[in-house]
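These are the structures, in structure tokens.
The two complexes that follow have subunit A in common; it is paired with subunit B in the first and with subunit C in the second.
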Partner chain A sequence: MATKRIVIGPVTRVEGHLRVEAVVEDNKIIDAISAGTVFRGIEIILKGRDPRDAWAFVQRICGVCTHTHALASIRCVEDALKIEIPKNANIIRNIMAAAQDVHDHTNHFYLLHALDWVDVISALKADPVQTSSIAASISDWPLNSANYFKDIQTKVKNFVESGQLGIFANGYWGHPAYRLPPEVNLLGVAHYIEALNWQKEIVKIHAVFGGKNPHPNYVVGGVPVSINLNDYNVINMERLNLVKSKIDEAKTFVDQVLIPDILAIAGFYKNDLWGGGLSNYMSYGDFPMTSINEPDSFLIPRGIVLDRDLTQVHDIDLQDPKQIQEFVSHAWYRQDDKEAGLHPWEGKTEPQYDGPKPPYDKLDETKGYSWSKAPRWQGKPMEVGPLARIVVAYAKGNKEIKELVDTSLRKLNLPVEALFSTLGRTLARALETQYRTKVLVRLYDDLIANIKAGDTSTFNKEKWDPENWPSEAQGVGFCEAPRGALGHWIKIKDGKIDNYQTVVPTTWNASPRDANQQHGAYEASMIDTPLANPEQPLEVLRTIHSFDPCIACATHLLDPQGKELAVVKTKK
Partner chain B sequence: MSIYHGIKILGIGNLVRRDEGVGVHLLRALENTLPPEIELLDGGTTGLNLLEFVENAQKLIVLDAVEAGENPGEVVVWRKEQVPYFIATKMSVHQLGFAEVLNWAKFREKYPEDIVVIGVQPQCLDWGTELSEPVQQALPAALKEISLILEEWGVTSAGSK
Partner chain C sequence: MQESYYQRAISKGINRRDFLKICTATAAMLGLGANAVPKIANALETNQRMPVIYLNLQECTCCTESFIRTGHPLASDLILNLISLDYIDVLQAAAGDHAEEAKMKTMKDFHNNYLLVVEGSVPLGADGVYCTIGGKTSRSVLEEAAAGAVAVIAYGTCATDGCVQGAAPNPTEAVPVHEIIKDKPVIKVPGCPPIAEVITGTIVHYLTFGTLPELTPQGRPKAFYQHRIHDTCNRRGFFDMGLFVEEFDDEGAKKGWCLFKMGCRGPSTFNACAITGWNEGTSYPIKSGHPCLGCSEDKFFDKGSFYSALPGNFPARIPNEDTSNINLRKGVIGVAAGAVAGAAGGAVATAAVLANKKSKKIYIDDISEIDELKNKDISG
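Moving on to the complex of A and B:
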């Protein structure tokens, strides 16, 4: 029986590496491992620093998630010091988070994931007249003339023919797992390019509320801006109008481009329902309408769904030492009892590498094989991210989410179980984006109403001075980042950071095995995936990209002896 | 319109990965030393978010840590077509993100008319906020290269308040 091993390995060091290996037998994946290949030592940098400064460091962990790390950081300090923030600050943080989600999700689909579904070279053969009539039949988006599509086609053709394949160089063009007709491929390529124009606009919301973008400013106790509707130098009506116009533009783009595209594409892939993987889904919840301490007020519901049982949602307590724990039995960290799980407040970051000397052909999954720890909830592996949030909200009976899900599944003539797949994960992200644009409109109205009622407070300075802090305190800050549940746990001693642990969404999803040999989400999602052509593992990339991994990867294809057959680099 | 209009300087890199952040360290050293029309941006590792800044530049200086095969602390200057705008051999550690930005600017026909990369060969990319000694010592040489380029573009007050 022919067994091969596929490796997806590291390329860049910007956001940390991921390496994935899959064992292939008879064109089907029978086992997989997922490994973080770069040690993440932000915890070590933070020790001994002022807790109020931590956000500025964690913001730099990753260039994609600057907002979410900063937010989780100020929230953990506020939790430790029992600081309540003003209503305006809560709304503004929610607006920034929703804007980040819309930007990140839309960018992810068009710029990082679309070409796993859309074949660029096939699009060059399309009839633009037919693409135009398809576009007009699914959306009111005005850019839909045959000339528009013809121009795009010509431009891409010239770019490709001049040898500057560049942005389009990393594709398995012509692969049998591509299922769209050329005309729909052209539609996808056109909107891939259109998304670039659009994505520059939504982030301007961050510049308004955070003073600048990239790397907006944050503050423990509120938001670092003043509000006065008539003052030129602060948040005034003119800037708020700019925010409103960006929200409206985003909503139009998502309603008229993203959602119709996803549904059109999904219609051709609705029989490819592999890639579901784990059957446990977790959301910490986010977007408090009152306070972060009142989960019942969250617009993104909190909870856990086990075994895909949508009739029951379990509660989570991030402070309970027995619920969230990290395991290092297959990770390169020193720990007295390698089998024990540690709650993040007790977490340690002591590297102890005993893997093969790089560059290596393959990792040994029976030993330590990752810099990523294995986080578990009550010992169970969890998927986090858009699909998890949608599943939890659906199981909780959230009306708006349920309607979005049911409407789109009805259009595709698919049952709700179809969500548990690579396609479902991608659909869930799009539906969540649509929900966020609705939420943005509501949050903006809330903010204006609150300001007009006379409340311009944005900062609670009561406990800013360390004189007013207890000598020891501990807190947890969380948010739902675009990629999933993000938690920061802090211990403060004598005004300084004594311990700081982050458990990031990709740590949950890219987790290695634990002491009980349970797979993490990436590993589980690859198993049983059929490969049309193992030399070009398009299906693996599609599944891994459907999680929106915060990493960069390269694909290597190995035969059973570990000899490299092909190398394909992918980028994130 | 000022002759400085359209000149932009972009520092990229990861500030918590020691020498990775040298581009941002250089950018910070330039703050408040140049005519205000010259726009500076700390791009971090934010990738495509930088597209608009790049497309709005007529003349662009990019400051970055680069894998140039030189000794740590060596300063390299890449001009125009030497700048790797497509993903071929990886030279800068941010190239996958930033090369894509340049690539899109080219595709969209909004590529700066002049572009210069001033890079420093890193020694240490571990977690940490301080530069390694050879890279720290290279900062004056890199700042000198920046002022030479700016002089060439007609900026005379470079390096002084």
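Moving on to the complex of A and C:
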């Protein structure tokens, strides 16, 4: 049987640099490896620093999910120092988290993922009158006239005919795996442009509470901003109105644009149910309604589903040294016993590169092949992210999530098993976005009610001064970032950081093999993916993008015998 | 302002027939058919959007995120009407070799005519293996793209100074763009990230006027980096009155007083935050209650805790005799000596107000002079 090795490097429309190599047999992918190729050493840089400063350093791990590392960081310091935060601070952090998810997910779908489903050039052939009637039939969104779509089409046409294609140059336009009719493609292109211009609005919520976005400000013990209805430079009614107006806009955009688009597009792709990959799903849970120390109060439930068995949800203990461990058998790090798994509190980050000298065509997967470690839960690889959260919530019988999922699957006439696919991952992210907009409305009401009850406190000062800290402490902070379960583990000694380790969502999903040769989530999901045209591997992009990758990675594949094949570069 | 694609092609010895072949190939690639060829040819002969190559090196992508937050121009206008964003791996449709081909094509066809925007630092440690893109080191990717660029914009503090990965002990030996590219202008647009309208303002300045904007001695556009945040801060009045927040959410915080004592770096940070504002003027860090981190300044992660007030020797303890060492320059930034004397003794409020009465202006137009002062051992 003819096998062929294809290379996509870099995979674009991701945060960071991703490289995929795939061995294809009979137009189907048969094996994969995944490798991160960027290392920045932030955990090393943190040693000896003030734990109260850590959030600003680790926030710079990612400027896309700009809220999440900062949140996990202040939570790990607060866990170590036993700091409870005021109710307002908890609500404001939750509002910022939900706003982050809405922004990140919407941006991801339109700017990073849509071009895997929507053929821009096909939109030029659309009849705008038909696009208009399709739009009106699926949504109340007011921008739906034939003239509007005609105008968008003309703009795109002029752009294309300028001969300068900019970001649309060299796309896989006309590829047989694009399944939308021209009219729906035109709808997708119109909303791509709308989303590009809308996304800057929702993050104004971050600017109100954190001063700016990307990289808003945080503080250990609460939130930096004060509430005073009778002054300025603080949260007053004008600021609250701004937040409320952005929440309302977000809800309208998601209800009337994102969700109808996703359902319309999914309808044309509902037979493409490959890309499921791993069968294990993990969520740490988030959105505490009382305290982060009370998982029962989380709106996003915690748990693990194994082997797609929705009848049982396993619990997680982030502090248990035997549950979450990181392995470096295939990563570029020094460790005495390369096969041993280490809990993050005992974790080490000592780079030791033994890959090929650049420029290179391929990595050697028999040695280390990634800057990404391989995190495992009780030795098992896990998928994290929107699909994992939806699966865990569904299995736990969460009413709101179950209703969202069941309603949309009914509309698509698909069974719940359809979730375990590339399409399911993308659908789950959209449904979660819709849920977050509802949560935003609820959280805003909570904030107003609490202020109305006379509570304006936003900061707990008791442990601000390091003189009030124990000489040694350790803590874990976590959150559900847009891309999945995120954990930060800290050890504090004499007021300084002694050890700091992060296990990020994309480390779970993009993980290389472990000592037992178990694939990570990206690797597993690529296997068995059919390719209509291996020289234009659109389906690989679609699956990898369905995870919303957030670090630089590289992925290699082997033939079934584990033998390296000659690299065949893809051609147009 | 620029030659058209056709003029450039002709000047490189490509004849009319070859040029039309390029147009036909472009039309075919898009499935547009033969009737689109004359339109493409006409567009390439008459119009020209400035080609831009945007590289993401060792970074966190916050700068790209900020870039698309731009309110004026709107991101869609910028990308579809003002520039030709021929390579930006975060947004472009093409992947892998096809993306690289698009970049190589622009580098070749528009040699010395495209703008290069660089986000991220370049790690030199271990022969560059800490950041490889498509198997190449980030250094070689940068050098290759910079060779034919008309100008290079180092966008964000990673690119201007190494930012967080460049903080001590700088384990990957991250260096900024200007330490690699030395043979052409490198405009610095620092910040972590920079304000959206600052980067798009810098780019559109070049498109509109055909010249690089005037730069500060540090190589940053004067229009955005000439003044300290402190000089235009909306809490400045409280600083001058000596009304300070002492801890988060205290009475002063609830009244929006000055954050100097909370560690604010506004007095040593040159940026447009307090004027242009963030997210279309919604706010900026100090307005929202957190001290400025000083993210547009070199080594901002290595200047002590973010919550320690600026060192006693700045601006509090500059002895009078030392002010004579500060150059007085034209059109520059004033530091009220009241502040200088103010924080020194602890009785800040009174001292500041009193000192203000006999204030002698100190003029500083370069942060390095502040650093110089800080480095002087004048703590005694």
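Going forward, the second predicted complex is superposed on the first by the 539 of 572 C-alpha atoms of A that agree within 3 Å, B and C clash if a C-alpha of one lies under 4 Å from a C-alpha of the other, contacts with A are read in each partner's own complex, and residues count from 1 in each chain.
The rule is short, and it goes like this: a contact is a pair of C-beta atoms (placed from the backbone, for glycine too) under 8 Å apart; a residue touches a chain by one contact, two chains touch by 3 or more.
What you see is a predicted model; the values in this text were computed from it and never measured.
Undergrad: Mind working out whether A:T37 is in touch with subunit B, subunit C, both or neither, as first, second, both or neither?
TA: second
Undergrad: According to the stated criteria, A:L196 is in contact with first (subunit B), second (subunit C), both, or neither; which is it?
TA: Both partners, subunit B and subunit C.
Undergrad: For the three-chain arrangement built by superposition, which of subunit B and subunit C touches the greater number of subunit A residues?
TA: C
Undergrad: According to the stated criteria, A:S162 is in contact with first (subunit B), second (subunit C), both, or neither; which is it?
TA: second
Undergrad: Tell me which partner A:W464 touches in the superposition: subunit B (first), subunit C (second), both or neither.
TA: After superposition on chain A, A:W464 lies in contact with subunit C alone.
Undergrad: Contact-wise, after the overlay, does A:L111 reach subunit B, subunit C, both or neither (first, second, both, neither)?
TA: Both partners.
Undergrad: By the touch definition at the top of the document, which applies to A:R542: first (subunit B), second (subunit C), both, or neither?
TA: neither
Undergrad: Is A:C62 touching anything from subunit B or subunit C once the two structures are fitted on A? First, second, both or neither.
TA: Both: A:C62 reaches subunit B and subunit C.
Undergrad: What residues on subunit A does subunit C touch that subunit B touches too?
TA: On subunit A, the overlap between the subunit B and subunit C contacts is residues 11-15, 39-42, 44-45, 57, 60-64, 66, 111, 155, 159, 164-167, 169-170, 193, 196, 199-200, 203, 213-215, 552, 569, 571-572.
Undergrad: Touching residues of subunit B toward subunit A in the complex: what are they?
TA: By the definition above, subunit B touches subunit A via 14-17, 20-21, 42-52, 85-87, 90, 93-97, 100, 103-104, 106-108, 125-129.
Undergrad: Show which residues of subunit C lie in contact with subunit A when the two form their complex.
TA: 5, 23, 26, 29-32, 36, 39-41, 43-44, 47-49, 51, 56, 58-66, 68-71, 74-76, 79-80, 83-86, 88-99, 101-102, 123, 126-137, 140, 163-165, 167-172, 174, 192-193, 196, 234-235, 247-250, 253-256, 273, 278-280, 282-290, 293, 295, 301, 305-307
Undergrad: Given the complex with subunit C, which residues does subunit A contribute to the contact?
TA: Against subunit C, the touching part of subunit A is residues 7-17, 19-20, 37-42, 44-45, 50, 52-53, 56-57, 60-64, 66, 111-112, 115, 120-121, 124, 155, 159-174, 193, 196-197, 199-200, 203-204, 206-219, 221-222, 224-228, 231-234, 242, 332, 351, 353, 355, 357-361, 371, 456-459, 461, 464, 541, 552, 554, 569-572.
Undergrad: Spell out the residues on subunit A that touch subunit B in their complex, using ranges where they run on.
TA: By the definition above, subunit A touches subunit B via 11-15, 39-42, 44-45, 57, 60-64, 66, 107, 111, 155, 159, 164-167, 169-170, 193, 196, 199-200, 203, 213-215, 552, 569, 571-572.
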